[in-house]
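Order of writing sets the chain letters: A, B, C and D. Residues in each chain are counted from 1.
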Amino acid sequence: MIYFILIAILFLLMIASSVYAVIQKDLLYAVMATGIISLILSILYFLLQAPDVALTEAAIGVALTTIIFVITIRNTVRMEDESDKKEKFKSAVK
Amino acid sequence: MKKLLVIFLLATLGYYTAVTFFDIGFGQPHFVKGVSPVKDIYLAKTQSPLTVSNAVTSIVVNFRGFDTLGEVTVLFLAVTVLGSVLYKNRHEVGKRSVFFSASSIVTSGSKLLFPAIILLGAYVFIHGHLSPGGGFQGGVIIATGFLLMLLAYENYSVSHTALSVVESLAGITFAGVGLLGFMHGGTFLQNFLPTGVMNNLFSGGIIPIIYIAVGFKVGAELTGVIYTVLHEKGESNG
Amino acid sequence: MDSTYFHFLDYAVYGTAVLVMLIGFYGAMVKKSLLKIVIGLSVIDSGLNLLIVAIGYYKGGTAPIFSPGFLEHFKSVSKMVDPVPQALVLTAIVIGFGVTAVALALVIRLYRHHGTLNIDEIKNLKW
Amino acid sequence: MVGTPVLFIAIPLMAAFLMPLLGMIWKELVRIVPGLVLTYLLILAINLLDHVLVHGPIIEVIAGWVPPIGINLVFNAFSGFLVTLMIFLGLLVWAYSYRFKRNVDYEPALKYFLMLMMLITGSVGIVLTGDIFNMFVFIEITSISAYGLTAFYKGRNSAEASFKYVMMGSIASTFLLLAIMIIYSQLGTLNMADIARKIHLMNPTLKIVSYIFFVTALGIEAEIFPLNGWAPDAYAEAPGPVGAAFAGIVVKAAVYAIIRYTYTIFDLSGSFNFLILIGMITLIIAETAAIRQEKLKRMLAYSSIGQMGLVLVAFGFGTKEGVFAALFLMLNHAITKSLLFFSGSYLVYNSTEKNITEVNGMSKYLPITSLLFAIGAFAIVGLPPFAGFWSKLSVMTAAADSNMILIMVLVLMVSVIELVYYLRVVNRIYFFKKEENTQPQKPTVNALVVMLILGAAILLIGFYPDAVTGILHKASATLVDKGQYIHNVLSLK
């Protein structure tokens, strides 16, 4: 029973974080949500008896993909609608 | 309007995908009656003649080793494309544009952790044929070690030349071992070394060699990816 | 353990994976921000990989590793889960990372040229 | 025997890994090495093709595991013909761009030639491999090189075209993996011949779903109608020779994959009509779009999409004549469209907009390039003394054999549209006055030689079609004979 509830929570958390990753306006939080998806995925891979894949997902999905996204966000913009950012950019060009 | 169309499309796609996979079924043998799946052959041949403990490793490196050669090529190309897309002329190359101000706890902690991480990575790819893990996982772990150093120290830099030398040599080792097998046994990537005793470090023939080469290659490539992106200056309008 | 729970879980693995894929597709097709599109693509990859690994799973199976003493204990390999999907996912994850890195590099360059990530303002080319 | 098919993959990969090291020794080497590799592979391909036409197909086993356990490469008359064609074109693209960007830094040159070589290797791998997952890996190698080459120029739009391509390509690989896994979960194998042997055991619904996923995924790469949004931009923004490589090499590989799935693996006789339908829609929409284009390269891109539609129609007849016509079309399209891209990019060399109006009066300044462009244009429309005439004729014959009069009428109508928009350009080149702000650029010697070779090939096939029809007949017979393919692959010991 407790096993069932734990796994159900993992599934729900995964769906919730993917929804969050898609609708969140702050891209940094959205990227963190994709990191959480990868973390849950790697737990699920362990439960599905795939330790190799779990190790890969933990290293690539959680660490590397997230950090590359974060660096890209630092290089570009943090907000999805970027209305204030755009103002600044236009005034800088003029 | 566009959203509705997309939702309709996705609902159709989702319905058919879900129905398909429920048809396949979960957790029980799903192969059609009368076929003998290749996985049985893989599992049998993994024990002998290959004497590899980790069946995933034997598939990735030996049975489907050609895929893995393609896969490291994809990473190699990704680094090349990344460099080409973000290329700047010599006079434009400046200091690192992105750094995260790190406290002294982080810097000294990183210094302590870095050798341990590299050691862990090496352990993972050397034992790829015995335990979970292998070249890809070990390589990624090594790359995260370099990532930690790059984040902790503003001035930490990795020699671009060294990276590309390691990458090239590892790639040549992989393809070269394959060609040696071709000369020795008549087929590309054929095993030409004694296979040893199962669950020993020296077992599995050429599999550990290839996985070590993959580990070096993936480590160098991913470090290159992080390094290139970190040195990208975003604010200019060119 | 009641078997109906497991029955529910059967549907839940595939259901979750397909749902995550669809959410990713929605994000990639509807959102206006280039970074959001790339995030959507990586969410699609996550769902897809879960789906593939789930295909290889057998109930009560063990990981496909012949650790010392495995054969003495189990006598046969029929208790092992299918290693092939795992090997394929390993390849797919690494390739997916390469593509994501390339996409992000393009995002950085587009930002360098246009100063924005909104596709409505970038669109010089007809779709 | 001079070599085996695995060298087509192993040698370029080895060279690609070596190139950064060689570049440290002497920078010129990164330009020379790809040419040497491609020359060697072309000789190898011709030798092997010669061998195969006499002695039957070569099945190469990887890592010593016979199919269906391991991965195998199949070099038969059909795949051998395509491989030879691709490597020949690849060599020409290399020669054309040898002095390309002479003045720029060393790094972009290294990356350009690396990506170009990998683009060709990936396409050759798609054609040679006999394993569906291995094909996925090669498709990814090809696409990643294509993304990089599309974004090679630093212009404003190239990154956007490339991003579009990345998006479509990621969605394609998602569908491809889904389809591969559906098949694996049913049949427990990834080998094409083994799947083809067992496909009738599969649940029909799952079979149709996986086929649709395959066609969706490969349709994105092969520029089939609703999925080709990326193509015109990628062609227009990529460097000129790369456009030729896309039209001549990458698309051919993708069409090959569709045909391999339809004919050999799934053996869906019903889907042949489906192929005719999507091919026809692609053809009509692309040609009507081409007539409205204002930029030369976009016009050529739409024309290329249309030709691919015609190839699918010809394959869709399902007869040996249809396959022959389709192969002939692929050959002619590869040669002719490369010539058009090569000469076209010199006609608008110094312009930023690359509009069609800027080719006005170029015949006085670039007489040979203009003449070659005109030859290419007439050949692709299908006017008599050129190569394209025979392929269009064979499509007509195949359609007539299958009693598809409507298709014949439609193909003729589309040819008229093609004639209109190509004549419009040729007319501007020869009979308009030069615009004041355009500056003609003399082609380099190697570019000129490449274009002359292609022009000569068009004229040669135009006057002596028998030079190629023999091999095309053998290749089409190989493709249609599914039982022989399965037998060849699975009888290895």
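One rule holds in what follows: a residue touches a chain if its C-beta (ideal position, glycine included) is under 8 Å from a C-beta of that chain, and two chains touch if they have at least 3 such contacts.
Remember, predicted model here, so these are calculated numbers, not experimental data.
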item: Chain pair showing more contacts of the two, A-C and C-D; value: A-C
item: Computed distance of Cα centres, chain D from chain A, in Å; value: 38
item: Rounded Å distance, chain A centre to chain C centre (Cα mean); value: 13
item: Intercentroid distance (Cα basis), chain D paired with chain C, Å; value: 30
item: Distance between the centres, which are taken as Cα means, of chain C and chain B, whole angstrom; value: 16
item: Residue list for chain B, restricted to those that touch at least two other chains; value: 17, 24, 30, 37-39, 42, 54, 56, 64, 67, 71, 74, 77-78, 81, 85, 132, 136, 225, 229, 232, 234, 237
item: Chain A, residues touching no fewer than two other chains; value: 50-52, 56, 60, 64, 68, 72, 75-76, 89, 93
item: Residues of chain D whose C-beta touches two or more other chains; value: 133, 137, 140, 144, 147-148, 151, 159, 162, 178, 185, 190
item: Pairwise chain contacts, counting only pairs that touch as defined; value: A-B, A-C, B-C, B-D, C-D
item: Chain C to chain B touching residues, read off their complex; value: 6, 10-11, 13-15, 18-19, 21-22, 25-26, 29-30, 51, 54-55, 57-59, 63-68, 71, 77, 80, 82-84, 86-87, 90-91, 94-95, 97-99, 101-102, 104-106, 108-109, 111-113, 115
item: Residues of chain C defined as touching chain D within the complex; value: 21, 25, 28, 34, 37, 41, 44-45, 48, 51-52, 55, 84-85, 88, 91-92, 95, 98-99, 102-103, 106-107, 109-110, 113-114, 122-125, 127
item: Chain B contact footprint on chain D (complex, rising order); value: 4, 6, 9-10, 13-14, 16-18, 20-21, 24, 60-65, 68-71, 105, 107-108, 111-112, 114-115, 118, 125, 133-134, 137-138, 140-141, 144-145, 147-148, 151-152, 159, 162, 178, 182, 185-191, 198, 201-203, 205-206, 209
item: Interface residues, chain A side, partner chain B - complex; value: 50-52, 54-56, 59-60, 63-64, 67-68, 71-72, 74-76, 89, 92-93
item: Chain A residues within the chain C interface of the complex; value: 1, 3-4, 7-8, 11, 14-15, 18-19, 21-22, 27, 30-31, 34, 37-38, 41, 44-45, 48-53, 56-57, 60-61, 64-65, 68-69, 72-73, 75-77, 80, 82, 86, 89, 93
